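Below, each structure is written out as structure tokens.
Two complexes come next, and they have one chain in common, chain A, joined by chain B in the first and chain C in the second.
Let's turn to the complex of A and B:
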């Protein structure tokens, strides 16, 4: 019984949270519309956390994802201002993410800087570049092409539910696709297997012929790419770009991966567990906001829940030793 | 009256019984061997004494007083001291700091008195007759063997408060050279004559025979026998441990090596070692002997592409061979079994089959990308049979296996690529007698298939029993290569120390 609680405690906690809000907010919380809304709100975080899972599988970190998301939004917006067509601007912004991630990878695997230090430095650099490019100002209004802004508003119509038209948001679809791709990468390919081997024992993996350096480059690049994608989704959603808008993403993404890791017996990050971590954070935020809980109190509650989940799994591991 | 008396000690982990009513008496001033295969229950028994594991049932008496061992601190209060197989040192601290780690450092005016600290470190080392280690040196700079010596010195340094009464040593000589081991034995004999007792755990029966007064053999969680070592033969001991008649310790070669040179190093230098020149033929086992930390590891790492060579050349089957990474080496037909299986060999948290297929994952995957778990599990099952692995299923996590079976997983990986040259670094370190024999048999099977083997080992009987010829390494160079045929252990030791036989005492 205790074992089950430790293993599935986080999942049970999630179900408990959902039941709690459904009881407290019967009219507005357990509705299709609200859940579709939650998935849209969470789509950016999901994409960043999915990317974060890739590097955390190797036991590494990427602290620069938030400022990379900001930077890619700014880059795209600046290109829009310069009259670059939307597809080209989006492609360039994504390429910036890939390149930024590659820089992280080079710093960590080729030069050998601890990921914490390396990505802390690039966090600052990416953020600084975003400020310099934008001159510290928000780029919005007519500078953002309608095509780009409409992307986030669009969705696949699901028909009428109780007389209200509901649709599956495009951003949600994008997030699900990204999760699917990361799932395939981590669980179905030899690359994913090797990443887990690196995370389990980097020296053994290296001696068994795993190309550790190259895989780290790939992993960090993909994390950067995901962060840039999330930045574009965010910019599209708010139809603007400003040099601080991605700042909350990094901590939440890491929190989501940790929440997910608390469900794995070996403490390994798994992509589907990360998604559950994202959902816990998102549902809490959604429900507490609807209950008009003060946003600072919300922060305290969210932090406490992360500590609880991770502590429970850490204690579970120790008792089994 | 014995110093320590254990009666009906039992312990089960998740319903699996590790100890089933073990009894043990340790007299004052006795060196008592504790023997048994991996999984026989030795580690559990020691952990109970150390206060790390609580027994399900136990009657423990010290000086005829019933006691309970209350955690590690409780064991220390009873005067028990432990030297474990696994290293626990702080590499960033100095030797003297590591030696005094469990005690409070000497102080002067509230600050650490470094001179006194270093002096007590030196005293502790001198007790083992060690003069080549500077107590001010960083621990990280020492070889594995030297680190072990430091740890042993630390355990013998008399603690503040309660004096030591019983030392428990678990495989202390695994990383030591013959000479270092001898020094340790002298100290243990000193301890015995001062009335303190020793529980000595080792797979090396020769050591046990030479050192210990009495011995207890455990098998499957019960004590098989306790007796005076002087009255038992080597073969009896082995038979008791494995529960069947002792086989030949080393299987004999079924065929002679061919004339074809499979692998050659010529004047290779790198990583502070070399120049190294050697060659090994298909079907041959070339042993590498030497004191620990003499460059054996660098030699293997250069051959395996992990350590860059500065000069010299290597050849594989007559063709130039320049591996730039272990991945290259695997692809070109080499395989490597590293010395530290837990740190360098295995991904402990992952299943057996993933560990076995890691080196040939690309070839096993569809288009080099898509995993084919069913094919992997089938291959792992087959390799597991080849190496006589004992496991519930190939999906079992490696960390749940015993040391011998973990080592077999590393071997299975080495076999998975059908290598032409096999590099082995201490392949049977910390492996029990039964698994050892399996591994030796396996090595013979591979050479019979034409594989060339380079075997680095500090276990001299193993080298003499397995190798066709033996190269001696000293200070990074190969000083001489001799045929193992008719070579005795004494002669080999002398070669390692660079003495001729006549000089040896």
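Let's turn to the complex of A and C:
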């Protein structure tokens, strides 16, 4: 019984949070419209966290995802200002993400710098480049093409629920697609199994013939690509690009992966568990905002919940030994 | 939590007894609560809101603009009576449209004018420039050469320059020696100083420059440094800025060349925003897209306030 509580503590906690908010806010929390809102609000974090899961499977980190998200938004916006069509600008911004991720991969796997140090360095580099490109200014207004800004506002109409038009937000669809792709990569392919092998024991994986360097390059590139994608989603949502706008994503993404890890048997990251971690963070934000809980108290609560979840799972593992 | 439960209960009870006055729920959403100006607005807003018995929820997104949209959506979902934002409205259009669809009025508190806002409460850039440019004209007796520091690329500062141009032009004996746009990438002080040093070098005669009018405080501080470095602080060159930032106030208080600046009334903006909310909740349709709150000339007499 205790073992079940430890293993599924985070999941039970999530259900408890949902029930709590549903009881406290019966008219506005457990509604389809609110949940669709939450998924849209979380779409950017979901994409970053999905990318983060890929490197964390190998036991690595990428601290540069937030600055990469910022940089891709700035790159796209600068290209819009230069008159580049939306699809081309988006493609180039995504390519910047892939390239930045590849740089992280080279630093970590080819040169052999600790991921924490390497990506801390690229964090400041990407952020600096975003500032240089934009001159420190927010690019907004007419500089942003309506096509790009409308993307984040669009959705697939689901019809009327109790007289309110409800639609499935495009950003939510994008996030679900990204999660699906990462799920296939990590859970259904040999690349995924090898990434988990590296995370389990890098020496053993290497000796068993796993191409560690190449896989790390791929993993970091994909994390960079996801971060750039999230940055474009963010830029579309705020119809502007600002050289600091992605900075909040990195810590939340790592927090979400850790929350997810507290649920898996061996304590390794699993993409679906990461999604649950993202949901916990987002539901707390949404519910506590609706209950008028002070924004700063919210931050304390979120941190406390992460500690609780991870501590519970750590204790659970120790008791098994 | 008890309190919230109680409130929900009371709200439900009040709804049942239909017609009794409900406390209006108002959300104030900003990414910039940690900045001093914003805190003044919000505290003044809460002061008025308390008198009116509103239930105010202040939400800070710690610099995250997309989160402002999310929180607006949450508040729309909660069916609050009004939302106040303190962020560039063009960046949160998605949230403003959600509020509009739900018929919830949104107000700007020094946010920028936008068709989706009931109104925006802010300081009047034209009026601020009129205060300092007339101060300069009066101080130099309507005659002499003036150096202007402007920045026409940034709309809120551009309007200040327009007014100063008009005021100086209205005096036949005032001539504008130079209309300088400093490079602001280093904050504006250093390049303004360099530009002013060049102008001083080109005009070595004492009295050949009567005044420096700057569209904001940084160039005024730069010009002051140049004048002091050139040893010309006793020629009576009058300097004015706008914004009355702490560094400017300090210089003005010393009683030197930097004589005046203009302070925005942040508390007044907060209180006026609350008044605008009250008017709309009372059923009024606001005609003014922008409501200006008066500013205050800062001189040596009141710089330390």
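Here is the rule we go by: the second predicted complex is superposed on the first by the 321 of 321 C-alpha atoms of A that agree within 3 Å, B and C clash if a C-alpha of one lies under 4 Å from a C-alpha of the other, contacts with A are read in each partner's own complex, and residues count from 1 in each chain.
Throughout what follows, a residue touches a chain if its C-beta (ideal position, glycine included) is under 8 Å from a C-beta of that chain, and two chains touch if they have at least 3 such contacts.
This structure is a prediction, so every number in the text was calculated from the model and none was measured.
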Just checking: does A:127 make contact with chain B only, chain C only, both, or neither of them? Give me first, second, both or neither.
neither
- Please work out whether A:223 is in contact with chain B alone, chain C alone, both, or neither, and reply first, second, both or neither. neither
### Message
In the overlaid three-chain picture, which partner chain does A:245 touch, first (chain B) or second (chain C), both, or neither?
### Response
second
Check your understanding: Looking at the overlay, does A:208 come into contact with chain B only (first), chain C only (second), both, or neither?
Key -> first
Where does A:72 make contact in the superposed view: on chain B (first), on chain C (second), on both, or on neither?
neither
Of chain B and chain C, the partner touching more residues of chain A is C
Next on the checklist: For A:262, using the defined touch cut-off, is the partner it touches chain B, chain C, both, or neither? Pick first, second, both or neither.
Outcome noted: neither
In their shared complex, chain C is touched by residues of chain A numbered 24-25, 28, 31, 33-34, 37, 40-41, 44, 135-136, 138, 140-141, 149, 152-153, 234, 237-240, 242, 244-245, 247-248, 285-286, 289-292, 294-296
In their shared complex, chain A is touched by residues of chain B numbered 304, 306, 325-327, 329-331, 336, 338, 343-350, 354, 358-359, 361-362, 365, 368-371, 397, 413
Interface with chain A, chain C side, in the complex: residues 1, 4-5, 8, 33, 55, 57-67, 69-71, 73-75, 77-79, 88, 90-94, 97, 185
Residue set of chain A touching chain B in the complex reads 188-194, 196-197, 200-201, 203-211, 266, 268
